[in-house]
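Here chain A shows up in two complexes: once beside chain B, once beside chain C.
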Partner chain A sequence: MGKEIYMKKTASDRLNIFLFLLPGLILFIGILIAPIFLSGYYSLFNYNAVSGEMSFIGFDNYKEMFSSNAIGFMKALGNSLLLAALSVFLQLPLSLGLALVLGKGIKGERIFLSVYFMPVLISTVVIGQLFLKIYNPSYGILNIVLEKLSIISADNHPIWLGNKNTALIACFIPTLWQYVGYHMLLMYAGVKSVPIELREAAMLDGATSGQVNRYIVLPYIKSIIKISVIFAITGSLKSFDLIYVLTNGGPLHATEVPSTIMIEMLFQRNRYGMGSAIAVMLIALCFVFALIVNKIFREED
Partner chain B sequence: MAIGKKKSSSNEFESKVYSKKMTPGKVVIYILLLFWLFINIFPIYWMFTFSLKSNEEIFGANVAGLPNEWLWSNYSRAMNTGSMGVYFLNSVIVAVVTILITLIAALMATYAITRFKWKGSKPMNSFFMLGLTIPIHASIVPIYVILINLKLTNSLTALIVPYSAFSLAMAILICTGFMIEIPYELDESASIDGCNRWGIFFKIICPLMKPAVSTVGIYTFLQCWNELMFANIFNSKEEYKTLPVGIQGLSGAYTTDWGPIGAALAVATFPMLFVYIFLSRRIQDSFIAGAVKG
Partner chain C sequence: MKKRLLATVLAAGMVLSCVGCGGATDTASASASASESAAASVEASADAASSEESAPAASGESIDLEMWCIATESDSNRHSYEAAIADVTAAHPEINFTWEAIENQAYKTKIKAAVAADEMPDIFFTWSCAFLGDFVSAGKVYCMDEAYQGFASELPEVMLGNTTYDGKHYGVPLTMNIVGMFANMDLLAQVGYTEVPGTYEDFIACCDALKAAGIIPLGCSGKETWCVTEYLESVIEKSIGADELNDIFLGRATWNNQGVADAVDTFQKLVNDGYFDPEGIALSNDEVKANFMAGKYAFYMNGTWNCADFAANADFGSKVKVAEFPVINADKASLGMLIGGPSDTLAVAASSAHAAEAAQFTFELGKEICHYGYLDGCGLPAWTPYYDTSAINPLTQAVSEICANAKTYVLFGDTAQNADDANTYLSYVDQVYGCAIDGAGFIAGLANDIR
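Now for the complex of A and B:
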């Protein structure tokens, strides 16, 4: 009621609305919106920002991006989609399992939750450097443990990050390690928000713990799972930090992702047009995947 | 097998509600939980131990135990070779100023969107929410070109402005959640007392937004504290490097000497974890608010 009376429009309100929005709009339009269009514009040029050369070439950058093996965009895109699939089908189920167990109320719940979330707070560069040491062929803790367990022999230590068959998986493991806790926390918050009456009612009807999870909890936290899936997929498409620290796309481009190619185009080859084209493609892909996930979850209803 | 498993988990659910008895199912769950706990803690523990060891210990004599000889000199070597102190300070300055700018812009915009009645408020909100899905890559080339032209590469401003812009959408989302909870009667009575829109904003709304301020602050802090791509590209001079870039460079300087790298990693990590011990619930709530309020 009070809202209706108070919210009468006055002449000076127009100006006030504008002034209150101004700082946000300047930042948002200046740094996010305008650059998207500028990137789109640059992507139509053969452009070297250092020398200032700029010549219009239409969609040639995009054609080259999708067809050239030398640039390797398709391979990089495939890699990032593989990372996305691993996140969705390995990382998220693990997070969900932990969230369901902890959310049901178990002794030590808070301690488990807090420790599982801890890696999220550590800088990705630190995690990358740490895993470089863990994976170190001669002295890394991974090979030493595997040798102690007689899984590998002392004179034949695998070079996890240097072998093109294992490098991408080796890059995925630290991501899994870092972000399981993040998704778990979101899902845990969802599980905790399920009204206790719903659980009790189902239980009195003789539902098992698994059935309660399947028919009560999961539908209840569907919107959170959707957000996690979107974050996992777009996060994989955009992935950069960890790959940059661990392999920088190597060996032999085995772990290249779109972002590493984009950076290479920009700062090693001064191809700002091509770099922009890759950036535009990434924005579009993130957007499209978010829409697809939204649609899949809506059809589930 | 499957049936047996189901039975034990149902027992376990009942025992949870009706008694505190340990069942076999519960034991299995605890073993798995403890195993994952170990997986989470061990790399950090290992990092801490090798930050205090010599190469001989790390490479064979004492791989995973506590150091035989605690080499605190690794820490002084890390601090002296690179400029860890400078990187740390830069990261703090960037984070704090980014949080301030983000908060001011977000609080003002949220106020315009939620406390004024106008046709454009919903579309304006949706417009800002676009920022949640736009990756930071979107602006890398244009901003780099502008920075070169303005000769602003190698400055903290080159990071603060983009970080603020990219934190804005989440900040508005969080602020909106809190601001719509504030009763409109407060604005109304202040208005009757002769307070104008700006007075209401500063005297009534802002003081009541403290929980939102801490949530936005924590969330934004971690975003810019860890950012690598922009920091790596825009600032190449030692005196403007942030912590992630600095550590990356330091590891290049000490490729074979593990102790000082471990020390640098520890310096970048443990202050954060120390704060987390005391504020764990607050920090967790910030992440939940960020993702779930959407």
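Now for the complex of A and C:
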């Protein structure tokens, strides 16, 4: 009897759980999963959504994507991977350093937090316009400062966004700068959650501040660091908005990333099949990199 | 006298331009089967729309119409749109009209996405020939033949050449523009020139003199590749002639043309000789235009829609003159071969719930935009002027003179070619401006990549 009641209750709980999850599940499938599968489907076609013409070509879009110099996907992917490397090895250490310093409870902690986080809140387009002015060859503050410091001459101002050798790094600097505060806040929350007893015990044992960070704080916030690394890499692969505003992929395709090429294929060339193939490749790459990062952190554990 | 001149310009110029841009018809006929089925579906939807929706309008119920265009706050045409919309909406209180202006480059993306998703506004701005042709082939544009009958006396049919596909009209032309060579005469005077150089040799000598005097000869936005094409296409046209260039743009001839390669090398020499502002490669067209108006460059080649802004600036308007780019190879080219034609167009979505009313409204709106645009100096009128044109600014009058002597028009390369080809073309133009490839590389690449 008791078992029957238990079984009924369990079944009822399961039904309730299912009903509670159902709306979210429908949204998740409808907004995320279904479009991914649809993109995968379209990527197998030579598809012009404007005219509606659609012919099956198998994996030809993928072959062309990797082999065509005119599309330049490999160069764009290389640019994104460079941004990912810079994010992981420059942006995240900087964020971590700030989080550790602020996590100690220094004077004006909240003000510093707000200031570092502010770029995350500002629209990317606004930041793009801001850096367009900073980089302007004639009146940009960067060239003016460099000229005052006698690093450049008045008649030879560098054209940061117009030179294919400097445009890429000039685009990456605001991209990295904007999200330092985001990662800092994630890590700061982790640092603040480290139990005070652990810190005090280590200090009583004679550990220095650096040793506390190294042996207590970092292992404690490892899961947050992992999340930050995944966000940094996938965010780099998906980067679009700042580059679109600053250079739109130019000059001479020097700052192209997969997303700018995808937009060109989809909306400028009406090649929806190729655009979908690039989208699918981006999703796959994000997924693969997330798995790799997970594996690396698991091995370290 | 001016009206007569205009009539001549309209009659002669437009006939030439429409001959030049047979691409509209060619593009459509190239995909004949698609177009036929598309046209059929458009007609079907048009009939359905007119029969279903004429009832509410006739009974006095208000209807909603939405328009997208590119007349942003900084656009030369902004005033003409605002004034025209005020006039036409006042005459049609039964229509709740809303409109949105989007920046040129972003608009191209937005309208294509909207067409693909079948979420077009009732009325939309478009460029003629291949740009509109893609939408027409897809059956997404309402056929304007019926509505046109009421305006045929004011809008000569020859003006509709660039928006006619398989003999049917799909757009309302607004103004027509060409590429003009604008010159800051104050700067030219500093090196002893009182007139815009008339020959290519003189032009080069002028640029050398300007450079020696520390004045940048040419301003061009490298960030917006269409601005580079204004120079490059002029150089190519004045080297190989308008007919050859037209044939290439319209797919009747291959890009593998030694004349084009030589012309590209000629253009690249202008870049390598330091005539262009090196900072231009990172600047938008608005920034370059502002620099020109601030006296940073002596020459600025761009669309004649700029006449409005230049003439409206009291200080600058008196300094600037407009002329035709000089002939480079007199054996093949001559003055009167121009880049441009009637391109700015309004069209109606086939999916509009009030397509018939929207078509009628669009003709009235187009007529008024043309009216105010011409008075402002945004281009030459596609519609027969019914108003006093004596106050037209001198720059636009100079453009009228140039067009009055026109022999052939070649429509802008990125408008004449279909979307994929146009972007491939722009990519190669980019590489030419950045000196990543030379003339031989340009023709070889385009001959290989354009399908």
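We take it that the second predicted complex is superposed on the first by the 274 of 301 C-alpha atoms of A that agree within 3 Å, B and C clash if a C-alpha of one lies under 4 Å from a C-alpha of the other, contacts with A are read in each partner's own complex, and residues count from 1 in each chain.
Just so we're on the same page, a residue touches a chain if its C-beta (ideal position, glycine included) is under 8 Å from a C-beta of that chain, and two chains touch if they have at least 3 such contacts.
All of these numbers come straight from a predicted model, not from anything done at the bench.
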item: Fit-or-clash call for chain B and chain C when the two complexes are aligned on chain A; value: clash
item: First, second, both or neither for A:A70, with chain B first and chain C second; value: second
item: Contacts of A:L149 with chain B and chain C, given as first, second, both or neither; value: neither
item: Partner chain in contact with A:L282 - chain B first, chain C second, else both or neither; value: first
item: First (chain B), second (chain C), both or neither touched by A:L204; value: neither
item: Chain B versus chain C, judged by how many residues of chain A each one touches; value: B
item: Partner chain in contact with A:L161 - chain B first, chain C second, else both or neither; value: second
item: First, second, both or neither for A:L252, with chain B first and chain C second; value: second
item: First, second, both or neither for A:A49, with chain B first and chain C second; value: both
item: First (chain B), second (chain C), both or neither touched by A:Y272; value: both
item: Partner chain in contact with A:I263 - chain B first, chain C second, else both or neither; value: both
item: Clash with chain B (superposed arrangement) - responsible stretch of chain C out of 45-53, 117-125 or 315-323; value: 117-125
item: Common interface positions of chain A, toward chain B and toward chain C; value: 49-50, 138, 263, 266-267, 272
item: For the chain B and chain A complex, residues of the former touching the latter; value: 6, 9-10, 12-13, 16-17, 29, 33, 36-37, 39-41, 43-44, 46-47, 50, 58-60, 63-64, 101, 104-106, 108-109, 111-113, 116-118, 124, 127-128, 130-131, 133-145, 148, 161-162, 164-166, 168-169, 172, 183-185, 187-188, 191, 197-198, 201, 222, 225-226, 228-229, 232-233, 243-245, 247-248, 251, 258, 261-262, 265, 268-269, 272-273, 276, 280, 283-284, 287-288, 291-292, 294
item: Partner chain B, residues of chain A touching it in the complex; value: 2-3, 5-9, 12-14, 16-17, 20-25, 27-28, 30-36, 38-39, 42, 49-50, 98, 101, 104-106, 108, 112-126, 129-134, 138-139, 141, 144, 177, 181-182, 185-186, 189-190, 203, 208-210, 212, 224, 227, 231, 234, 237-238, 240-241, 244-245, 259, 262-263, 266-267, 272, 275-276, 279, 282-283, 286-287, 290
item: Chain A - residues contacting chain C, complex; value: 49-53, 70, 135, 137-138, 157, 159-164, 167, 247-248, 250-253, 263-264, 266-272
item: Residues of chain C touching chain A in the complex; value: 31, 34, 105, 108-109, 112-113, 115-117, 134-135, 137-138, 140, 222-223, 278-283, 419-420, 423-424, 427, 430-431, 434, 436, 449
